[in-house]
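One chain, chain A, links the two complexes that follow: it is found with chain B in the first and with chain C in the second.
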Partner chain A sequence: MAQFLQAVADGILGGAVYALMAAGLTLIFGVMDIINIAQGILVILAAYLSYVLSVHLHIDPLLGLFITVPAMFALGVAIEWAFMRRLRGRERVAMSLLVSYAVAVIIEGALYQAFGSTPVGYLPRYAVKSLYIHGFNLPYIYLIGFGLAAAALAAIYLMLYRTKFGRSIRATMQDRVAARLVGINVDRVAALTFGIGVAVTAAGGMVFGATNTFNPDSGYDLISRLLSIVILGGLGSIAGALVAALFMVTAEEIVNIWQPTWATAVYYAVLVIVLLIRPTGLLGKREARAQ
Partner chain B sequence: MSAGGIARLAGIAALLAFAVAFPLVFTNPAVTTDAFDTLIFLAWAAAWNSFSGYSGYLSLGHAVFFGSGAYFTAVATIDWKLTGSQVFWLLPLAGLLGAAIAVPFGLFALRVRRHTFVVITIAVFFIFQLTAYNLAVTGGTSGLLAPVINFASATYNNPFYYIALGIAVGTVAISWLIRRSRFGLQLRAIRDDEDRARGLGVRAMRVKLSAFVFSAVPVAMVGGLWWYFTAIVDPSSGFDPLNDVAIALMAFLGGLGTVWGPVLGALLIEPSYLYFQQQVASGYIFWMLYGALFLVVILVLPRGIIPTAAEQIGNWRDRRRGRAAAAAHAPAVTTGADRAKELA
Partner chain C sequence: MISHRARFLSVGITAAVLAAALAACSSSGSGGTTHKKKAPIVIGASLSLTGQFSTDGLAFRKGYRLWAHDQNAAGGLLGHHINLTFLNDNSSPTTATSNYQTLINVDHVALTIGPFSSLLTAPSATVAHRYGYALVEGAGGAPSVFATKLPNVFDVSLPVAASLLPMINWVASLPASQRPKTAAFPTSNDPFTQPQVQFAKQKLTALGVKSLYYKVFPEEPTQIKGIADQVAAKKAQIVVLGSTAVPTVSGFTQAFIQAHYNPQVFIATAGPDQGAAYQQAVGHYNYDGVMVPNAWYGGSSNPLSKKMVAEYIATYHGTASGINADVAEAYSVGEVLTQAVNATHSLANSKIISYLHKGVTLNSVQGPVRFNSVGENLAATAFVFQWQKNNFVQVLPTGTGSTPVEFPKAPWGK
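Right, the complex of A and B next:
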């Protein structure tokens, strides 16, 4: 039982970080109707940035966020401007997947070239310790990650629902053409949204890098988890991504207690079962079914 | 038969004659090995296109059939102690297995559309890869080795080459028949507007599923053949996500949803891929070049070579006809886009 509760605690703390990374993915989908396959490798890229900052330049990874978040944001805006904006026509869905896959392959090749395939990791000194409450073992880095994810998700929520820019994002999500007609600069919204969606990988990557050892290949594992999460939650729904991430990571932690080899399969098994019952995902809208 | 039809038939006959004569002219094993690889991907791309290209459902999970075909052939060969050319008789069975896997896979995945469908195919793919890693029968990470084959070394590659050629030709022929049939029209109606197609009486699920199951058969067969030739399959090579994307790229480059597009794409991409892989010293720089090639293809030629070329030729003919028509004071009626549709 103690093991079970510990797994639930780990799942919730770890799940929040996945929720943040998945929120970026689902936000991009909502506004642009694009699935960014490169999200997984972008997380790894951000983890490597934090690694370079902390190991080579001796900048604390948390402070390093002031560098990595703007850097990832700029990279996101650049990817949108250079590639995504140019996709038109009937096969746009397929093309966007292939383009973001190509971007992922290029980044992966560059990371291998720069860092090799040996897994690396870093952990700030203060984060090695754990907090013990009622027999629970809560590593500080998990708590920091949880706090960071919660703050970033709250900021995204406030931006979406309390600012004028957020209103134009939601309008673009609902109807791109109508948004353009009422004077929203849809291209600018798309670029900034893509930037924000990628910028969250800076925080996600920092925590991922501090809690795991990673190499460029880790991007595949991440993106397959993130895709399962956003589909389970319902594409375009941030609340859905949050619920799905907490559920999936907790389920994985619980299965991990007695079946470590099959723990990853939980993602896909849950996804398959839920979609059999509810093809739009947990909180997805009907429109998700239009071809 | 029209002059164009005869020219087309002659072109196909010449291409086939070239393919049949190829290993007799180029006897260097390194060359025939690359040619074999190209045919494997050609068959795979043509099969994938006969489902994804015609129906608009982009599958990134066809490696499931490739890997399953490879593992099935491997396990059966080892268990039944088959040797030499006996193993080739397993390939039809591998195809059947691919179809048998495609039925439940399709019944489940084809309930959803667009991005969700793509992600479901990826998820099923990862389930299969993970299973291959963890089961005892698949040999885990180390994979399964093929027995040594005692073919004469000078013509060692030839049986593999001709079987791959046979599967590739058969796949393209069936793709061509589908494209011309009522079934193909139903598939394209689903691609254009599935709800309207259903409204017009197309049994969407049945049609999509049939195309999905058919497309799995050749992929599983070439998977089995590939295992016997490469002599090893492990989870990362049998179930390789990069293959799924490479296939899609081939179809996109040639022209998605056309009969000859994937053929042209495979003939262009796979040999140049193999060539550059052997030329570029660093594998990682090669990867980056490959990704960049991807971007260029999709951003510069988003509709693919065959539809774009057809439109250009149509425009050129219209201009010529337009001048003739202007001389006769009659308006030109067809546009380049119309011609492209006729040709595609």
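Right, the complex of A and C next:
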């Protein structure tokens, strides 16, 4: 039983980190109908930024978020302006896959040039220390990840539902043409949303890098998981991404207890079953927009 | 009367014959006084320059390049300058097989040398066999590579199945009061790791060591921590980790530290042998006391190894302890190939295969090499190495030249 509860705790803490990484992906899809395949490599880029700050500049990666979050936001705005804004017409969604994949390849190539393919990592003190509560081992780095995820998701939620800019985003999510007709600068909303979606990878990447060794190739593994999370949660739904990420990692942790080789298969089996019953995912796009 | 056209033809033929004769004279004359330069030969390999095995793949490339550089300085292979060509397989067995098809059928390389890991070597050897190529390799020591009994595969390194035997023998040699009583055996689902860990489990349990954990897991980042937490919860005194690369070992290390669990013996099948890349990944002194089986280390007293280490440091900098053991495995491939080519006076793959099956003993930076009928190196000696402070030292088997085992292993970060 203790093992089961520890697995659940690990799953919730680890799942929150994946939710943090997936939140940007689903936000960008919700507003722009763009599937940003580059999200995985952007997380890795953020992890490399934290690595450089930590190992080479001796800046704590948590404090380094004051540098990496704005940097990733700026990069997101730049990517939207340079690549995504150009996509028009009915093939926009399909083209976004190709364009964002191209962005991913460019970033991956740049990372290979800069860092090579040898896996790297960084271990701030809190990455190897734990909090013990009633016999449960809760590593600080995962608690920090959970806190960052909660803060980031709450901030996104408040922004969407308590601010004028959030209303603009939601209007754009519902109908881009109508939003434009009522005076919303849709291009500006899209650029800022893309920037926010990429900025949250800074926090996700920092935690990922402090809990895993990584190289530029790690983005591929990540994007397949992030996509499956946002599909299970429902494309465009932040709450869905959170629920799906917690479910995915917790399910894997629990199955790990009995048969680790089946853990991933069980998750994907559940994904298929959920999609057969609810093709829009747990909290599909339409439901999410009506929140 | 001879026509104008016939006369022109006659003069032309005479001139051509004369030119050919002069050319022949010139050729034979110069042959006796100056050495005719032979055409370069191309040797090809598929390497994991990206993906899961990229650290190993890059180290292999260094080893191959170092050997080619040395051999070219010594006159090449039978006077042919060696050009190496590498195709990236992204750590994928499917891509590796495709790469060997390309190397053989498109690039028409003269010789092929092995990729990294048993996972990629087994299918690659099948492709090489199909076209009659020898595949001398340094990282395909798993039983699955030899199970197909291909005649063209030759692994210059230690067969992996019994590589943990020195550790098992050492545990057996400990007085009963000191001998660990419990062990955990987590292993990744890889042909390189599973045979080693299963062998260790079988032997250690036969010695009376109780197995508290044995599970096979995929090396997925999301799963490593959960598995490591389960192992930590068992509090076993020995952990035998079946790992293929640094990220798995660093993931276990981090989870063990978080759980305040420090086994008395922590041995991983691969990862700690990757020098500076491993040290950087696990962090300051978290490597101290961690062990790994292998056939080579930077401090080896083998004269060939000393020479290679000096050349490596001159070329790539760093320290002997920081050299990835894969470099030596790759270099050994080149050395064995050189000796086979020189002995047969030929670059013909059939002659090389035949020669390497004769049971001759060859030399390499990893020590002697002698192949059995399926290409296993019977002359290889299994060693176990341990990180002690900042040094990677040979601790097992005990005896001349080995350093005493740090037991129990030092606390994390000390």
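Here, the second predicted complex is superposed on the first by the 279 of 291 C-alpha atoms of A that agree within 3 Å, B and C clash if a C-alpha of one lies under 4 Å from a C-alpha of the other, contacts with A are read in each partner's own complex, and residues count from 1 in each chain.
Here is the rule we go by: contacts are C-beta pairs under 8 Å (C-beta built on N, C-alpha and C of every residue); 3 or more make two chains touch, one makes a residue touch a chain.
Everything numeric in this text was worked out from a predicted model, so none of it was measured.
Participant: Based on the superposed arrangement around chain A, label chain B with chain C as either clash or fit.
Facilitator: clash
Participant: Would you check which partner chain A:A7 touches, where first means chain B only, second means chain C only, and both and neither mean what they say?
Facilitator: Second partner only.
Participant: After superposition on the shared chain, which partner residues are touched by A:V120: those of chain B (first), chain C (second), both, or neither?
Facilitator: Second partner only.
Participant: I'd like to know which partner A:A102 touches here: chain B for first, chain C for second, both or neither.
Facilitator: first
Participant: Name the contact category of A:T261: first (chain B only), second (chain C only), both, or neither.
Facilitator: Both partners, chain B and chain C.
Participant: Return first, second, both or neither, reflecting whether A:N137 touches chain B, chain C, both chains, or no partner chain.
Facilitator: Once the two structures are laid over each other on A, A:N137 reaches chain C alone.
Participant: Once chain A of both complexes is superposed, is A:Y112 in touch with chain B (first), chain C (second), both, or neither?
Facilitator: both
Participant: If you stack the two complexes on chain A, which partner ends up touching A:A94: first (chain B), second (chain C), both, or neither?
Facilitator: After superposing on A, A:A94 lies in contact with chain B but is clear of chain C.
Participant: What is the shared patch of chain A, the residues that chain B and chain C both contact?
Facilitator: Residues 112, 261, 264, which sit in both footprints.
Participant: Could you please specify the touching residues of chain A with respect to chain B in the complex?
Facilitator: Per the touch definition, chain A meets chain B at residues 29, 35, 83, 86-91, 93-95, 97-99, 101-106, 108-110, 112-113, 220, 224, 227-228, 230-231, 235, 261-262, 264-265, 267-269, 271-272, 275-276, 279, 281, 288-291.
Participant: For chain A, which residues count as touching chain C in their complex?
Facilitator: The touching residues are 2-3, 6-7, 10-11, 14, 18, 112, 116-121, 123, 127-130, 137, 139, 211-218, 221, 225, 249, 252-253, 256-257, 259-261, 263-264.
Participant: Which part of chain C faces chain A closely enough to touch in the complex?
Facilitator: Spelled out, the residues of chain C in touch with chain A are 49-52, 54-55, 57-58, 90, 189, 215-218, 220-227, 229-230, 232-233, 245-247, 250-251, 254, 257-260, 277, 280-284, 286, 412-413.
Participant: Please output the residues of chain B touching chain A within their complex, sorted ascending.
Facilitator: Per the stated touch rule, the residues are 56, 58, 60, 108, 111-116, 118-120, 122-124, 126-127, 130-131, 134, 190-191, 193-195, 241-242, 245, 248-249, 252, 256, 282-288, 290-292, 294-295, 298-299, 302-303.
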